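Chain nomenclature is as follows: A, B, C and D, assigned in order of appearance, with residue numbering initiated at 1 for each chain independently.
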Amino acid sequence: MTTTYKPAEMMTVAAARALKNTDVTFVGIGAPSAASNLARLTHAPEITLIYESGTLATKPTVLPLSIGDGELCDTALTTVSVPEMFRYWLQGGRITVGFLGGAQIDKYANLNTTVVGPYDKPKVRLPGGGGAPEIATSCGEIFIIMSQGKRGFVEKLDFVTSLGHGEGGDHRQRLGVKTKGPTKLITDLCIMEPDPKTKEMTVVSIHPGVTREQIQENTGWTVKFADKVTETPAPTELELKVLRELNERTARAHGEAA
Amino acid sequence: MSRLMSLAEAVEANVRDGDTVAMEGFTHLIPHAAGHEIIRQGKKRLTLIRMTPDLIYDQMIGMGCADKLVFSWGGNPGVGSLHRVRDAIENGWPNKLAIEEHSHSAMANAYASGASGLPFAVFRGYIGTDLPKVNPNIKSVTCPYTGEVLATVPSHRPDVAVIHALRADREGNVLLEGILGVQKEAVLAARRSIVTVEEVVDDFGPRNLNAVILPSWTVGSIAVVPGGAFPSYAQGYYKRFNAFYKEWDGIARERDTFLAWMKENVLNKRPEDFAEHVRNLRVAAE
Amino acid sequence: MSRLMSLAEAVEANVRDGDTVAMEGFTHLIPHAAGHEIIRQGKKRLTLIRMTPDLIYDQMIGMGCADKLVFSWGGNPGVGSLHRVRDAIENGWPNKLAIEEHSHSAMANAYASGASGLPFAVFRGYIGTDLPKVNPNIKSVTCPYTGEVLATVPSHRPDVAVIHALRADREGNVLLEGILGVQKEAVLAARRSIVTVEEVVDDFGPRNLNAVILPSWTVGSIAVVPGGAFPSYAQGYYKRFNAFYKEWDGIARERDTFLAWMKENVLNKRPEDFAEHVRNLRVAAE
Amino acid sequence: MTTTYKPAEMMTVAAARALKNTDVTFVGIGAPSAASNLARLTHAPEITLIYESGTLATKPTVLPLSIGDGELCDTALTTVSVPEMFRYWLQGGRITVGFLGGAQIDKYANLNTTVVGPYDKPKVRLPGGGGAPEIATSCGEIFIIMSQGKRGFVEKLDFVTSLGHGEGGDHRQRLGVKTKGPTKLITDLCIMEPDPKTKEMTVVSIHPGVTREQIQENTGWTVKFADKVTETPAPTELELKVLRELNERTARAHGEAA
């Protein structure tokens, strides 16, 4: 039996599946938040969600619009100050999975959320790093969620806002970083993981109906495919139902508030 | 000892042209009314510090209050760009805006070390990023025990911190609750401070023994401004007005619509008008 | 995720001979029951960290559990000396005790930097004192911005932290309230932890949004030991038993009276006996 | 009209009088606690008392036996963690007056609370520095309360636990310290203050009935007297009444608890 779904839904579902019940995740707004809460509402009911606004172990019934919505605080185990969040919790090494995204990514999963064009004469001034520079190196591992396209998936970043695998190979270790970095890049087309040796992000799973050519066309570098590439299982009915209900609840709540 | 006064008096007494001003609030409790008063009083050449410059700084920068911005994430959360901040950075309108860019971790640590009376903060950060290349204030120290090289940033020591809090008591103590952000640290790191509050109560009453309170003698001026955090929110008082964040994108996109809006909604208004803004957003029972 | 077990199991699972152990509690919530269990299990060669070694460490050191003490103030508060600690330092009985001596500020900062995953702490301290002459772990760094030389100490990263808290919930989260000391930092800085609690509740219920809580996944073993802080106190549960602090001075003054007391009151007792100690100290209504 | 009082009461009263209504004091156990609360219950009702256990603006009705008694927390505006106390409050420069005492003091008001005899082979092992090393340099000024006697008032300290005026003169400034250091040494015989230039502690006020000879006999260095030495006003009836009631309440409370 087939259910229709959007590529963005496939992306969110694939990201949710990557999370474990025992994970402690540092959640950003948007797709990471949807994926984390979808995981919590399906296979990982005890997953711990942390938002950088200070909310520990929060269980929002609707998705937050901002990183510090009252809903996050109301449903949290407790809420700590932002300096404590970055000192005791993130830098303290208490997060197993951090989510990141960005305007630009390169094949080693370094990210740019700072600027397109030169820093001093930007073509597009982006919001900046926020928590990303330290999330990238302090969390046990990093999942990146990004829609795939040539504008974002580039050969060379205009600016490195957060470290992925640097120049590849053992670059992270040479920089003294002890965490794994990006272990999954989940897009609307496929899932990539770093090659064990070169650390180049490599396609390991392709979403249903997507071709290798499509992936290449939407990527600014020559894409590597793993020896064994699987097909991502399509979203189950349950996953879609829970995700859509979550999104509907969210729209209703934010609409009401407006 | 803190002193209760009107918001206009508080801004006059504390904010001077050329000051370094930190207005904080992490989504929650953003001091919008105070920002509007600073705009009305035509303050100039401010260095504005804020982890997450959003609408409040878009407005102040668009009205020409600032010539420098120190920040870690600038945007309209959940919506998009800050058009006025970008216009100032990219086109110098209404004046050139210098930027000093950090990460959240750096900013949060810089407030905490400022509150601690230290000249700098140490943290494990900026590894493998380009930010140190464009921000000469990012330096390093070597751990005397392990040899690890760690990042440093100068402490934030603003001339003035401006925050919005839930309530003050008659003795001038200030209570914070919910998402705390870096507000306590910002006030403790600053030479002077303005705290707007939803209300003044006789006594905070029964409370957690470890309630987050800024004692009277650490606070400068207190001004009662109900609704003063609108369109952000005040835990237990009113909700975030999400629609305005979306609306702002259209208002701020062009200079003329921006100026018209500012004239009508800021220059020709007063702090008292904020109470009206939140009338329909009040949360039911506490 | 924290696990609920008996205190004996918790000590067996977490404390090994030769470990560095931090048992904290700043007058309030001192983990006496856990200290007794460590003594009963005959742990040896521990390095004991504690800001304010008092009766609990006097007992453990007198019973030969430790060969090093890291501290900032050692005494029987309001009463006098710790006779067993002095006997170990001055006469090597029952074994030689090395000391590493700090100030409170250094110790508190070392716990906070340990909790923050940093290798060292920076603070403005030890100026003009002789402590750096006798403690080679006190070093310095120079501020990269101002040139000020500041003191450093290595972070505390104990193998095990042991604390007593008010209560845990069914999910294994731990609530602290009142005088907090450095307990949260000690647990976050440690590799493993034991938390004794007065009780386990289904749910913490309505509480301050910023309640001080150690979430389940940051805690190791939890053991329910009512009265486990006796003769110190547990806010809302029972009062400090001041008379025993005075009595201890006489007990600990001589080796034989000390050993006799320890045999009768520690070696031959069990954690369950602590409930009896506080029966008459319970506070009335909460 | 004369009321009989003990030298220790005179000492406590003299210390209380030195405190202002606007002071924020970092209070230790014993005489500093008695003096601070006496001030609060007489001429300085709005004085802010802070104990290093984290209690801010506390108003105990009985004196604490330990630095972290429940009474301090129950009557405080709020209570912060000990790291916060030492970082934001003490080092943050938010305390106007710190109290210190010790086993030994020298003429520049440096204090020893660490050890009598050599550090490695102590004659008497004292409790150690506790908060003193940083209290001595972080508070706006320091009041020292100590009973005067030759054993404690020594020519040379066995160990410097906390800095007073160092070797005198501008030594504190040369060490980079910006606070005033000990501005008052209050004993059971007299009040001393640092000479403006040499910083040697100098007698400025003698308690009623005490002679200069007594002061010299109880001091291990040659005592300097100021050009104008006043007589300390005897404790008033009110001061004695309030102090004694405080001590009685305290004894009763701690007796009951025992």
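The rule is short, and it goes like this: contacts are C-beta pairs under 8 Å (C-beta built on N, C-alpha and C of every residue); 3 or more make two chains touch, one makes a residue touch a chain.
All figures in this text were calculated on a predicted structure; none of them were measured in a lab.
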item: Which of A-C and A-B has more C-beta pairs touching across its chains; value: A-B
item: Centroid distance [mean C-alpha coordinates] between chain D and chain A, Å; value: 57
item: Whole-Å gap separating chain B and chain C, where each centre is the average of the chain's CA atoms; value: 39
item: CA centroid of chain A to CA centroid of chain B, Å; value: 28
item: Multi-chain contact residues (two or more partners), chain A; value: 73, 79-80, 87, 91, 138
item: In chain B, residues with contacts to at least two other chains; value: 112, 116-118, 123-124, 148, 178, 180, 185, 207, 209-212, 235
item: Chain-level touch network, classified as line, ring, star, complete or other; value: other
item: Chain-to-chain touches, reported pairwise for every pair that qualifies; value: A-B, A-C, B-C, B-D, C-D
item: Contact set on chain B toward chain C in their complex; value: 116-120, 122-124, 137, 139-146, 148, 150, 152, 154, 177-178, 180, 207-212, 235
item: Chain D to chain B touching residues, read off their complex; value: 22, 24, 48, 56-57, 73-74, 76-80, 87-88, 91-94, 138
item: Contact set on chain B toward chain D in their complex; value: 1, 112, 115-118, 173, 185, 188, 207, 209-213, 215, 217-218
item: Contact footprint of chain A on chain B as seen in their complex; value: 26-28, 51-52, 71-75, 77-78, 81, 85-86, 89-90, 101-105, 108-109, 111-112, 123-131, 134, 148-149, 178-182, 184-185, 212, 233, 235, 239-243, 245, 281
item: Chain B-facing residues of chain A, complex; value: 29-30, 52-55, 65-70, 72-73, 79-83, 85-87, 90-91, 110, 114, 119, 122, 125, 127-134, 136-138, 159-163, 166, 171-172, 175-177, 254, 257-258
